[in-house]
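Structures incoming, each one as structure tokens.
Each of the two complexes below includes chain A, the first together with chain B, the second together with chain C.
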Partner chain A sequence: MTDTATAALPIDLGNGPFAVTTRGLAKQFGSARALDGLDLQVPEGSVYVLVGPNGAGKSTLIRTLMGLVRYQDGAVSVLGRDPADRGAEVRADIGHVPEDYRVGYAWMTVGRLLGHQAVYHPSWDAEYARRLRARYGIDPRRKCHTLSKGESRRVQLVLALAHRPPLLLLDEPTDGLDHVVRDETLSILSEHLADSPTTVVISTHRVYEVEPLVDHVGVLSEGRLLGQLPRDELYGGLLRYWADVPEGWRGPGELAGRVVRRSDAARAIEWTVWGDRDAVTRGLSQAGAAVREVAPLSVDEAALALLSAREAT
Partner chain B sequence: MTDSPASRIPAMKAVWGEQLRVVGLAIRREGALAALALALGSVALIAFSRMPVLQAMVDGEIGELVFDPGEPPWGFFGVLGALLLPLVVWKGERRFGDTPLWSMPVDHRRHALLKVAAGWVWLMAILGAALVWVTLTTLASGGSLGVDEVRLLVLDPAGVAAGTPGAVQSVNWTTPWWEWALPFTSATAAYLVASTLILATRRPLFWAAGLWVAGGVVLGIADFRDIDWMQRVSDFVAWYIGGDSFTRGMQLPTGGREVWTLLPSVKMWTASSAFWIGLGLVGVLAASRRARDR
Partner chain C sequence: MKIRLSHADGRPLYVQIMDAVRSGLVRGSLRPADPLPSVRELSSSLRVNPRTVSQAYAALERDGLVRVRHGKGTFVAPGVRPEEKERPRLAREVARRALADASRNGLALADLMTALREVEGGDAHGDGRKEDGR
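And then the complex of A and B:
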């Protein structure tokens, strides 16, 4: 409900090992703060989804990790290296799908573009690239400027995956993909993760599209993390409570949890609370509420609840 | 969990080769158009110089071709092409945004310089091919390469108007060897200066036009207000380290007859080339810092 409601979510993921960390990362464009003291921790081998509304700082963060944006304050470590000092080495280890779906060299054919990428990545797996291209149904003779938004996205995914990088930074990777291609993409990503040990950071404001892959969640708003935690912890800790309450019910004086969202009717409540399930249930019951149902939220619903709580403050 | 970085970073030789290929692909359409124009021009020149029927149509205006690389318009075409080339070399690159060039595992500044260098190699190759082509066209049309003429050199400018004997001297002039290198040096300087604008500014054409207009205004004021020191500076820049002396030596039309106040020399060419190419190199190196990793 208040700022403390969202601040209650954990930010610290422990001791790692982490593929990516930032400490107090700050970046300002003019007077606008894009990143405001960000402390990111992406565990090695995890699929970390970065959720947030447009303008939250997701793309700026990813571009900073790539060494495409110069940060002003804080510290960054990507696979043990600072992209500001060792940008080339960092980019060698990253597969990147940028926010902009337009493929860089619009005048090239797809085949030539893949060949271009292969030169820059000695670990390029040409056979894998060919298979991915075939699965996506992309004709290598097509000029890049003739590709639709969805087709461009598919080409970008092939470019990002085929050198089997240890880190994937995917900025809105499903943007522009239809349902069929999106499912195919998730399937390709799953197989890729099974074949190649990879850490994945996915930035999106449509979490439901990638939810099956995700094992860690970070919620970003106005350049700050509202929380970052394993998905299972989010499922177990952020719950929705439906309860019947007497007329004029005022709620518990104290609750062993933080109310993130509440919807009160005359004789029923629907609260989203971060806290221990038993303790919260006991607290509500002791205050006179009859808890009918408790259910976990999907990552998408959880993100929405956290972000709307933030906006309400 | 990562491979050693060295195994994932491309060799500079491979990157250089790829940049040569990418720039070659980027400029091929414009290059083909230029080649077509050159070929059509050659055919027309040979036809008009060899066929009496066509010669009669233009009253013999197109006679024997003389190809002297130190004379207009050869230097002008090379410089114009070199000024425009960076626009094509950087086609498809969002220089101040997320571009494929910056996303690659190569130091940004080094990558930018490699691309500029690749463009220069293509410029030299195209210029070389064009010169060979013009040479062949000249020979095919029965023309001559270089000039062998008598030039009038002014020794006493005041005495020319007064008709003082000895104010003008006749000099036998043959195209010197270094004039064949002049199109390459002038194009190199122009390419580097244009590349500086491309690397340093978001709107290079706007800046080029602005600098051109600003220069014109300054020279206009100097001329109109008769400001001596500004005129000297502009004369120095125009004649001694650039402008005409740079692209084609120095020439002064007087009374319908061309006389020379100073004949082109290897010293002048070396000095002006060193100045402008040096300026272009410093500009490119400084501008490439905008693309640096941090």
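And then the complex of A and C:
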């Protein structure tokens, strides 16, 4: 049995300060609605992960924040500027790992490409770029067109990090990386965060890969947010309850609209519920359920629960 | 200091780091005035957000277990006596987890206590047989 109610998770993060906001952001490609009244709030200094399935609007959103896609409705502020008017200025302050793998010009060497960046970014740290490149094991004499998918990703990460920008927009940054390089990348990002205060937006449909870095979570589906909240709030407020119940048990009515996902067997239930742990446990117990275990969900599991509840409607 | 984080664990990451420091104190692998790894080192080796490590260190400092000396790093507080406070506290935490595990399996406290004594006495099967058939 699957519940079809979409539980209301919080979307408003309060008063900021925010590095990035959008209000009622809408973008349509022909008749397809990519972004549908999106209210994004990325707190300054936060690592914000944007989770959602392919086609949810993640890449369109990131390209809009970069000023590479023009939006039709709403308002956007990136580091206090509207990327639609001041795209070049905004892009100079952003470290971007794009969805696309290709880097630079095919004939250019990696060393030349890295040297080239100093022109666009006054804060380019050539020594840091060299260290990252060496750590990633990329020979500077390699021509860009000879790089594999994973090697291009590594070069893109060096390009994004080495000017120590106040904002990093990383679109599927671990895509194409093998286990060892992915692990190295997480270590590099941890050190980068410790050394350079920065706001990070990571878009991914594989959140488990970056989960230990995350402060805030936004779950995106069909161009809208299903929830936007601090990771600790998600961790404390969206919980899975296992309980033994009498045959034919229906559950307490007061939890209606809070059950994100339910899976019922004959005499046992496994519910994912948004709400205060003690209140939910009390509600279940008073309705005759014997609660055996309550456990938090990983961000990955939480996103999956929210997204599948959405699909069931 | 060896720390192993588990994402399947019910405790938030910063609490897992705090508990690892506590257990180091109780086991004696961390002693008063010992340095802890820097926030940068520990977050890099655990692949976590440096804020999570800072959060753990700040909470440990509030509990009086560590002292943050600006520009020098984080150290175990000189006056810490793990036997008095940390040992019973860690024991309670382990007991809480054991009880939760028992309750998940439909067992009561009495079942758990009986089984603990039997296992500790080497009678793992509760029928006089020793563990491993010895």
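In this text, the second predicted complex is superposed on the first by the 303 of 313 C-alpha atoms of A that agree within 3 Å, B and C clash if a C-alpha of one lies under 4 Å from a C-alpha of the other, contacts with A are read in each partner's own complex, and residues count from 1 in each chain.
We take it that contacts are C-beta pairs under 8 Å (C-beta built on N, C-alpha and C of every residue); 3 or more make two chains touch, one makes a residue touch a chain.
Everything quoted here is computed from the prediction, not taken from an experiment.
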{"item": "Superposition-derived comparison: chain B or chain C, residues of chain A touched", "value": "B"}
{"item": "First, second, both or neither for A:206, with chain B first and chain C second", "value": "neither"}
{"item": "Partner chain in contact with A:105 - chain B first, chain C second, else both or neither", "value": "first"}
{"item": "Touched partner set for A:67, first chain B, second chain C, both or neither", "value": "first"}
{"item": "Contacts of A:232 with chain B and chain C, given as first, second, both or neither", "value": "second"}
{"item": "Partner chain(s) touched by A:47 [first = chain B, second = chain C, both, neither]", "value": "second"}
{"item": "Touching partner for A:190 - first (chain B), second (chain C), both, neither", "value": "second"}
{"item": "First, second, both or neither for A:149, with chain B first and chain C second", "value": "neither"}
{"item": "Contacts of A:116 with chain B and chain C, given as first, second, both or neither", "value": "first"}
{"item": "First, second, both or neither for A:267, with chain B first and chain C second", "value": "neither"}
{"item": "List of chain A residues in touch with chain C within their complex", "value": "47, 183, 186-187, 190-191, 193-195, 208, 211-215, 232, 235, 242, 244, 292-293, 295-296, 298"}
{"item": "Partner chain B, residues of chain A touching it in the complex", "value": "19, 44-45, 63, 66-68, 70, 79-81, 83-93, 96, 98-100, 104-108, 112, 116, 119-123, 163, 165-166, 197, 199"}
{"item": "Complex contacts: residues of chain B adjacent to chain A", "value": "1-3, 5, 7-11, 14-15, 17-18, 22, 25-26, 91-94, 97-108, 293-294"}
{"item": "Chain A partner contacts - residues on chain C that touch it in the complex", "value": "5, 7-8, 10, 12-13, 39-40, 43-52, 100, 103-106"}
